[in-house]
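In the two complexes that follow, chain A is the common piece, with chain B as its partner first and chain C second.
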Partner chain A sequence: MIFIEDKQMVIPGDVLADKEYQSGRGTFKEDDKICSSLVGLVAVRDKKISVIPIQSKYIPKRGDVVIGEITDIRFSMWNLNINSPYSGILPASDVFGKEKRDLSKAFVVGDVLFLRVVDVDEVKKVKLGLKGRGLGKFRDGILIYITPTKVPRLIGKKGSMINMIKDETKCEVVVGQNGVVWVKGDPSMERVAEKVINMIEEQAHTSGLTDRVRNMLYKLLGKENPEEALESEKPEKALEPENPEKEKEPFDEEDEEENGEDLIQ
Partner chain B sequence: MVIIIPEIIKESLNNLVKNGDRADDRSFDQYRDIVLETGVIDKAEGSARVKIGKTQIMVGTKSQLGEPFSDTPNVGVLMTNSELIPMAAPDFEPGPPDERSVELSRVTDRCMREAKVIDLEKLCIIEGKKVWMIFVDLHIIDYDGNLMDAAVLGSMAALMNTKIPEAKVVDDEVVIDEEKKIPLPIKEKALMCTFAKIGGELIVDPSLEEEQVMSSRISIGMRTDGSICSMQKGGMQPLTKDEIIKAVARSKVLTKKLMEHLPQNKQ
Partner chain C sequence: MITILTNKILNKSSTPSKRADGRASDDLRPFKIEAGVLERADGSAYLELGGNKVMVAVYGPRELHIRRLMQPDRAVLRCRYNMAPFSVDDRKRPGPDRRSIEISKITSEAIMPAVFLERFPRSTIDVFIEVLEAEGGTRCAGITAASVALADAGVPMRDLVVACAAGKSDGEVVLDLSEAEDKDGEADVPVAIMPRTGEITLLQSDGHLTSEEFEKALNMAIDGCMKLSKAQKEAIIKRYGD
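Up next is the complex of A and B:
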């Protein structure tokens, strides 16, 4: 027996299903019943039920690309805030190699870097690295913070959402897996991108988001919406290609894997 | 926990203000949405919950009989305390009140006291022996910048909402009539406007982000007639005389608008 629908919003303690289902992430079992342990949306895959939280904190994972801010300089490493309960460290050897140099000559407190999580050990010590394409220090631009669970939604299938924002605003956009987004472009365009990204975060759990984002972009940019014009003429056809998008899971786990490459420019 | 603001956020906020813009699209003289409710706590003599944007403060007032201070035997006592509860922000820690907490309660207290909001002499029951002591407690529930304006607005509303039991003197003894509640002798209203200096401009009602990057701030407490009752400057950088004069002129207009949020009847 299942007591809820897919994508339904639940609160902690809500009974989701009984024993014929499997308990997944964000759920617990009590008296053969599966209950939610979070506030979030239910995801049912075959017989496995999990709850995707509405809000979350970033838990570092090896291989992720993140945006971090330098908070401290130590003897041989920098400390970074990676928008997570765990802080990250960037060893000096990663920047200077074997050479011994003053750390503050490279990065100072307040700098924002794009990094890769090299290793996370059992006590969640997060080792970061700068080796890789596009990694390094950001200059100018703005930072936007979103909930990490909504990162896949912001990127969209094969980067559809993020590319739309990039194309329309002509901004450079870099999304860290930890929910920090860096945007650089014309100041007015940065603002547009910021608004759109905040809107995506707010409405990430709803369907048909891509359409609304497009409409919002056109509205903010003061452009004619070609889709809308089309829609009024032959509404059915115009809507059709959008349907597969609507079917999409709000938070697609598979997407996350692809993001990595897409983020780096 | 020390909060470090990335340089690029500092820069982008400064640049925004230089272009006459703010991160949340407000004008320099625009407050965030203000919500004010009074009488929200049953157990307190008076209470108010104020929200300015996402900043949220709960204010409660309590009355108690006590001895007056020896240098002012014929006036009641007004005391303000504030609590920055750790739930409100990551850098609010439990334990003894820190600098910000002390500053907030003192600034609020000064604004109320110097404006002579309450006719404290009327709170005297037996001169030199028994007076009413009014305690204003500020609980910061959510911190998103500009605590001072919210605290003063909330305190003002809570005081206006406060009803204390009637006290009579019978044979040199104070008799309290718990059944009969009377409102506090409010004779003036005062509110506060805070400006933050960012990018060389003064902007009203700074958000948390703006407070973190501001070079200095100035809070001006003002009475209904536009006279200044208190002032507090914060931040590392100085302000010019010209800037302060301009801030005062602007706060005259803004205080008037803020007053509209207060419940109009004095009951």
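Up next is the complex of A and C:
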């Protein structure tokens, strides 16, 4: 028995289904019943029920690429804020190798880096690394913080959403899986991108978002919308085939092509 | 506008109700709950219950820097209940006092069973309950609003904890005591429950009640909780507009 529909909004404690279903992310099992533990939208895949949260904190996972800001320099490592309940560390050896050098020569407090989560141990110590294509320090640009669960929505199917923002604003955009977005371009364009990204975050749980983002971009840029004229004749688009879990995959190829020139090593 | 009710008005009232504000014995005061009212907090809620106005902000799960508080296997839930100096008729001296320290503690203990704290070891979830206007029953209002704010913050929970008080005033067992009823009354029983399972997470009793009266008060409070629970759910759904 299932008590809810796919994509329905649920809140903590809502009973979703009974034991013939499997309990997925954002749910828990109690007395043979599957209940939601979060405020979010239900996703039913075969017999597995999960809840995609509307709001969440980033929990570091090995292999994720994240954007972090240096908060402290210690004897042999940097401390980084990665927009999570757990701060990250970047060991000096990862940057200098065996060599002993002054850490503040490489990065100082306030620097923004693009990193990979190398390891998360049982005491939640998050080890970060800079080894990999595209990883390194960002110069200039602005940071925008969004809810980590909305990252797949911001990227869109095969990067459609993020590429549209990049093309229209002529900004470089890099998204970390921890919900930090780095945007660099003309200052006025940066502001446009920021507005659009904040709008996506706010409306991530609604459908037909890509069209609304396109309209907003054209409006903010003062451009004619080539589709506007046709819009009235087009029937209302049906529910956009959104699948946050699947959209996550194109992420990796998506972001690493950039910032080659910003590499330290 | 807040009208200050005392049991003296009660006798002048033309309505047959024995209560000062004309409510039936099992009526709640009018209430309103809103989620996501603060821009900078991870989660927030605003609740009005009669003359009570309560604002709750939730931050976290976030990094805990105080080593001695850190729990290796779960998050700590820190609550702070605070009454604004202007929240009562006679100015309240600002800062924590014996009463607000107690309420902070029981609030955190009332909510803790519902939160999946073990998902965030070594971190903290901070709940700030600010009473802007007080008119009796603020601890229950605080707990009810706090669980809405926690849900708004995306903290995983088993259920939304909801609290409501019942008591005895003028020889009658009544639900949701107002300030006047609480002050002149014989007893006050605040109750917090997890509505899905009916588990009680907070039960206090102040004053004199016979065991029958206590049972009646407890059942009345649970019924009140169920009514508030519905409003909590609506508040969260409304926050996202669908």
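We adopt the following convention: the second predicted complex is superposed on the first by the 230 of 265 C-alpha atoms of A that agree within 3 Å, B and C clash if a C-alpha of one lies under 4 Å from a C-alpha of the other, contacts with A are read in each partner's own complex, and residues count from 1 in each chain.
In this text, a residue touches a chain if its C-beta (ideal position, glycine included) is under 8 Å from a C-beta of that chain, and two chains touch if they have at least 3 such contacts.
Everything numeric here is computed off the predicted structure, so don't read it as measured data.
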item: Three-chain arrangement built on chain A, chain B and chain C clash or fit; value: clash
item: Between chain B and chain C, more extensive residue contact with chain A; value: C
item: Chain B versus chain C as contact partner of A:139, first or second or both or neither; value: first
item: Touched partner set for A:110, first chain B, second chain C, both or neither; value: first
item: Touched partner set for A:176, first chain B, second chain C, both or neither; value: neither
item: First (chain B), second (chain C), both or neither touched by A:71; value: first
item: Which superposed partner A:152 touches (first chain B, second chain C, both, neither); value: neither
item: Chain B versus chain C as contact partner of A:187, first or second or both or neither; value: first
item: Partner chain(s) touched by A:26 [first = chain B, second = chain C, both, neither]; value: second
item: Residues of chain A contacting chain B in one complex and chain C in the other; value: none
item: Chain B - residues contacting chain A, complex; value: 2, 4-12, 15-16, 19, 21
item: Chain C residues within the chain A interface of the complex; value: 42-43, 60-63, 72, 75, 114, 116, 120-123, 151-154, 156-160, 194-197, 233, 236-237, 240, 242
item: Contact footprint of chain C on chain A as seen in their complex; value: 9, 11-13, 15, 26, 28, 30, 35, 37-39, 53-57, 59, 85-87, 123-124, 147, 205-206
item: Residue numbers on chain A that touch chain B, as the complex places them; value: 69-71, 81, 109-112, 138-143, 182, 187, 190-191
